[in-house]
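After the structure tokens below, expect a handful of questions from me.
We just call them A, B, C, D and E in the order they show up, numbering each chain from 1.
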Amino acid sequence: MFDSNFAIQSFPKILAVAPMTIYLSIIAAIIGLILAVLIAVVRERKVPVLSPIIGIIVSFIRGTPIIVQMYVVYYGLPQLLIALQKWGISTNSSGVPAIMVAITAYSLNAASNISESIRSAYHSVDYKQYEAAISVGMTPVKAMTRIIVPQLIANLIPNFSNIFIDLIKDTALVYNIGIVEIMAKANIISSVGFKYIETYLDALIIYIIICWIFAKLFQISEVIIRRRVFATQRIN
Amino acid sequence: MLLEIKSLKKKFANNTVLKGINLSIKAGEVVVIIGPSGSGKTTLLRNINFLEQADSGTMVFKDKQLNLANLSNEEILWVRRHTAMVFQNYNLFKNKTAIENISEGLIFGQNRSKKDALQLAKKALDSVGLLDKQDFYPAQLSGGQQQRIGIVRATVLNPDIVLFDEPTSALDPELVGTVLYDMKQLADQGQTMIVVTHQMSFARNVASRVVFFADGEIIETGTPSEVFDHPKNKRTKQFLSAIAEDY
Amino acid sequence: MLLEIKSLKKKFANNTVLKGINLSIKAGEVVVIIGPSGSGKTTLLRNINFLEQADSGTMVFKDKQLNLANLSNEEILWVRRHTAMVFQNYNLFKNKTAIENISEGLIFGQNRSKKDALQLAKKALDSVGLLDKQDFYPAQLSGGQQQRIGIVRATVLNPDIVLFDEPTSALDPELVGTVLYDMKQLADQGQTMIVVTHQMSFARNVASRVVFFADGEIIETGTPSEVFDHPKNKRTKQFLSAIAEDY
Amino acid sequence: MKVSKVIVTLLNGLPETLSLLIASFFFASLIGLGMAWLYLRKNPILSALAKFYLGIVRGTPPLLMLLLSYFGLPKLFTLVGININDWAKIFFGIVGLSIGWGAYLEEAFRSAYLSVDKGQYEAALSVGMDAKHAFFQILMPQTFLIALPNIENLLIGLVKATSLVYVMGMVDMYSEATDLSNQNQGIYQLEIFIILALLYWLIVLLIEWVFRMFHRYYRYVEI
Amino acid sequence: LKNNEKTPVQAAKVQTINVAAPNNNRPYTYPKGSGIGGYYGDLLKQIDKDLPQYKFNETTTSQNSVFVGLQSGKYDVAASNWWYSKDRFKTYLHSDSNALDDLRLVTKKGGKTANSLEDISKKKLKLVPISTDDARYSFIETYNQQNKKHKISLEGIGDQSAGDALKEVSNGKYDVAIYPYAAYKPVANKAEGKKLVVSKSIGLENSYFLLNKNSKNKALVKAINNDLKKLKANGYLEKITKKYLYEDTFKLANANKTFNSEAHK
């Protein structure tokens, strides 16, 4: 029943689209990180009106399955663009590529998760470090960038690593909107003969390896950063 | 007068922590503040360099008149750049080496060139005999070493006043001496200091003036021998006897 | 002799922390151990009630001979149930209220009924005047209150020896007195105690014997006045002068 | 189509979603506890076993985990001569999610356990408790309280992951939604999915509220 | 099943057969209660009734999952409008033809039109992505292999309903979709569908049951084939075709020639 030849032949074909999975995850992580910083700043500074609104949006995004979000964006984005057209803003509603939908959904998702992690990493930096900085005459901005942020980054890495690995795994759903990444390729190759077990096993192995590599990379970078930032492996 | 504080008041929620403090300090004076835990000593220091914002009161510092309830950002920065603080738990920047801890304030607080700053920092480290530790991170230093660097970090800025908040109370007893020694050196060089401490022998030997603080008020002030040997107030007496370790 | 330790040795990796300790304690004695940081005082206490396992040595406790390098679980439990410990950082159970902190040992260490245990715990709390705090969690109590409960938690078990590891060094100075007072009361009642402390006045006033410890060895031992006023060893003198707060 | 009809239809799947959630969370916790226990053993083989489990599961997309459970598990059982093909789908859903979330919970429990103050355990021993009582009276409750925020996040993640059981044709809220939208040839797709999202959000808000209450109850236990 | 194994007498009498169908393929299959609805729902129930020695146990799930289960042996029969492909017939057992599908091209009213697969390629029309599990996907792939000069650009997608796909034609995102008439028809009456036009038939395709390869199922295939022959002859297939597929595909030109043509390749 298990066609090991087919499994072996399919492996390189599926591996060939792994860059799509990684690309999607990295783009979503980068955009997510940028948005997350903005969100964290707005939320921490308690910017009136904006802060509670963003709080609700973040809660909503964190509280709903990504596949549902993806469909909402998939079906909602074109309608939004059509609506914008009616308002006289020129958009091309028919031209929203699936990859844009995926990046939008996954970036928003990453942004809300990362923003929470940034906030908790920020709170885990000893507040007195900030006071020490301004007491030697630094401006608040300098105190943040020179003292708080480097320490925050070291605290952030473990959580960020988890979020990124979840992101890689979650992209296994984007085949639903027609993006050819690992799962989609596995499905496509399988459909010819309706043989799925082989390709899914290939996909599983590829996912495990990718996740393992990234987990290790983050682990190493945490050790390096901790050593650079604090000259210790762990802060007390 | 270098510093003159008038009717400084500070509340947290509905807890009035400072109930109208008046305190004047001449250049070169060493003022030691003693008093029970929770009486507001730390809060007073934090209000002097604006880590905390007072509710009302005025301050004259270096002939500049300041309304404590309404300070501009420039005024805050100006005061911070002419005062310095030494913390109970050292608070060295954990992500900076010993020498960087000292140079950061020179570079980013006083806009000196990096080269100058490092040179000054080196000299300052040398003066407390810790030059060989210049590239160590705080986590690699003992408490006593950290605190002595904390003091250097403050004094290298050449501040008009240095504020000390229980600088030795987190230290092992045999290490306390080294830090107090550095502080005495400073005092002997004419540095103006406000020191919150429980080290009565330091207060007795080094202070020009002792202030006894309780419940957010100055209860008694005078020379060390006035306050320690002839306390006028009942609460002062009570506090001194609790500290005096007899049971 | 209530407790007799012979040639106790303890190494961490290649760092020999205890280099063959001999120490005997009679019932009713109060032995105060002093010495510099890192000299092994805490390690000694932890070896006595087996929080740490010694590498070699013997111990006679309540006429029972114990080989420290080779203890059965029953022996360990038996010793722990006849000794008690008071920690520097109190170590009250953070997830238990004041009264539960005291009753836990009675219930799970001494197999008493919950009802009995709570009654005993209540009485014990009352004896230090903290009955009104019985339902407070440690985080809701001051350091002094926590440590006094820590002492009650130990003594309510009616142990043959109570071990104190710097019980006051984490406390605010005015709170130190209340804890030392409780400890003196205990000593006066004839409780056998081993106390590691930097409170020289306590050592002087309460100790039957003072042991000066350095580098994992007992350097000097004697009555308080022998050790403090006429120290024989150079290192003892050096240590006492560092502590003595003159600069 | 009326919103109320959409809601009623989607709510048909709620019992399935909830039973899946509760059972998976329960078993995932058991697996997590067991694996954390193995991981922390001094025995190198046992802890290697736990690390292996962790490494594999952490790299497996939940979707594949569910497929593995639904189709791989029966294969595994036929090797020992037991036929579980006919067991209810929810069984396989629970197995897949439990194995996946067990790994996350393992990490939460282990890191919480390691961050319990060692002095607490020693204090327990010093009042004469044996290791077992010290563990169950002192370490375990504190571990649990420290792990609580992580547990909350994981439970929320699990709520969302239950939607993936569509791959095995279970009729949960998500499947009700896709089926409803198919019945209508995808015309009300956006509306249906927005309502679906709101329903999931509601469940999550409820969970957050419960944890908040719990947290408030233990606010004086500062660990 | 387990009980049956223990009592061989009974086992010879009634065997349970696990049948799976996609949950997203109206009007051919969809979930109905705990079983299968639609064209194949009716057909399976009829066959089940006709074959007393078998008892069908029906389930619906996502399409890729149907085949993972079929391959692993969890399911015996996969039911939907599976068309012929060499690989499939090699991997699985297959029945004789159980339905005829009428393929059409759907375009936007007033927009570009197409009446054959070649048209799509010649006019450079954008074809709506096809679910990679779908028979239409390999149908186009096969076409591309055989018509290297007039290749159609083909995009894959996950499970997607006909409604969603056709919406993308009506809103202009894509130019043309390829669907069996039966999948297009229910959309045609909706508001979105009114913006669409459908071509003439561009071909007929047979559908087959696919079965896990094992000896038990070999006997089952025989039994099913016999029954299918009977159901074709007595008009039952035509009856449910008219009931579910909106037209009688057996009456179309070439229907008789095409029916069951690949079954014994």
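The rule we apply is simple: a contact is a pair of C-beta atoms (placed from the backbone, for glycine too) under 8 Å apart; a residue touches a chain by one contact, two chains touch by 3 or more.
The chain lineup, named per UniProt: A, D = Amino acid ABC transporter permease; B, C = Amino acid ABC transporter ATP-binding protein.
Being a predicted model, the structure only gives us computed values, none of them experimental.
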Suppose you hop from subunit C to any chain it touches, then on again the same way; how many hops at least until you reach subunit E?
2
Please tell me the distance, in whole Å, between the geometric centres of subunit D and subunit E computed from their C-alpha atoms.
37
How many angstrom lie between the CA centroids of subunit B and subunit E, rounded to a whole number?
83
So how far apart, in whole Å, are subunit A and subunit B when each is placed at the average of its C-alpha atoms?
46
Just the number, please: Cα centre separation of subunit A and subunit D in whole Å.
21
Could you tell me which residues belong to subunit B and also touch two or more other chains?
none
Give me the residue numbers in subunit D that touch at least two other chains, ranges are fine.
67, 71, 189
Where subunit E touches two or more other chains, by residue:
64, 68, 72-73
Listing of all chain pairs that touch each other, if any do:
A-B, A-D, A-E, B-C, C-D, D-E
In their shared complex, at which residues does subunit E touch subunit A?
64, 67-68, 70-73, 78, 82, 85, 87-88, 90-92, 129, 132-134, 137-138, 141, 155-160, 171-173, 210, 212-213
Which residues of subunit C touch subunit B in the complex?
36-37, 172-177, 180-181, 184, 198-199, 201-202, 205, 239, 242-243, 245-247
Touching residues on subunit E, where the partner in the complex is subunit D
1-2, 16, 18, 20, 23-24, 26, 30-31, 57, 59-62, 64-65, 68-69, 72-74, 161-164, 166-167, 186-187, 190-193
Residue ranges of subunit C touching subunit D (in the complex, touch as defined)
46, 49, 51, 77, 80-81, 83-85, 87, 89, 91-96, 104-105, 108-110, 136-140, 153-154, 157
Which stretch or stretches of subunit D touch subunit E in the complex?
67, 70-72, 74-75, 78, 83, 85-86, 89, 166-169, 171, 175, 178-179, 181-187, 189
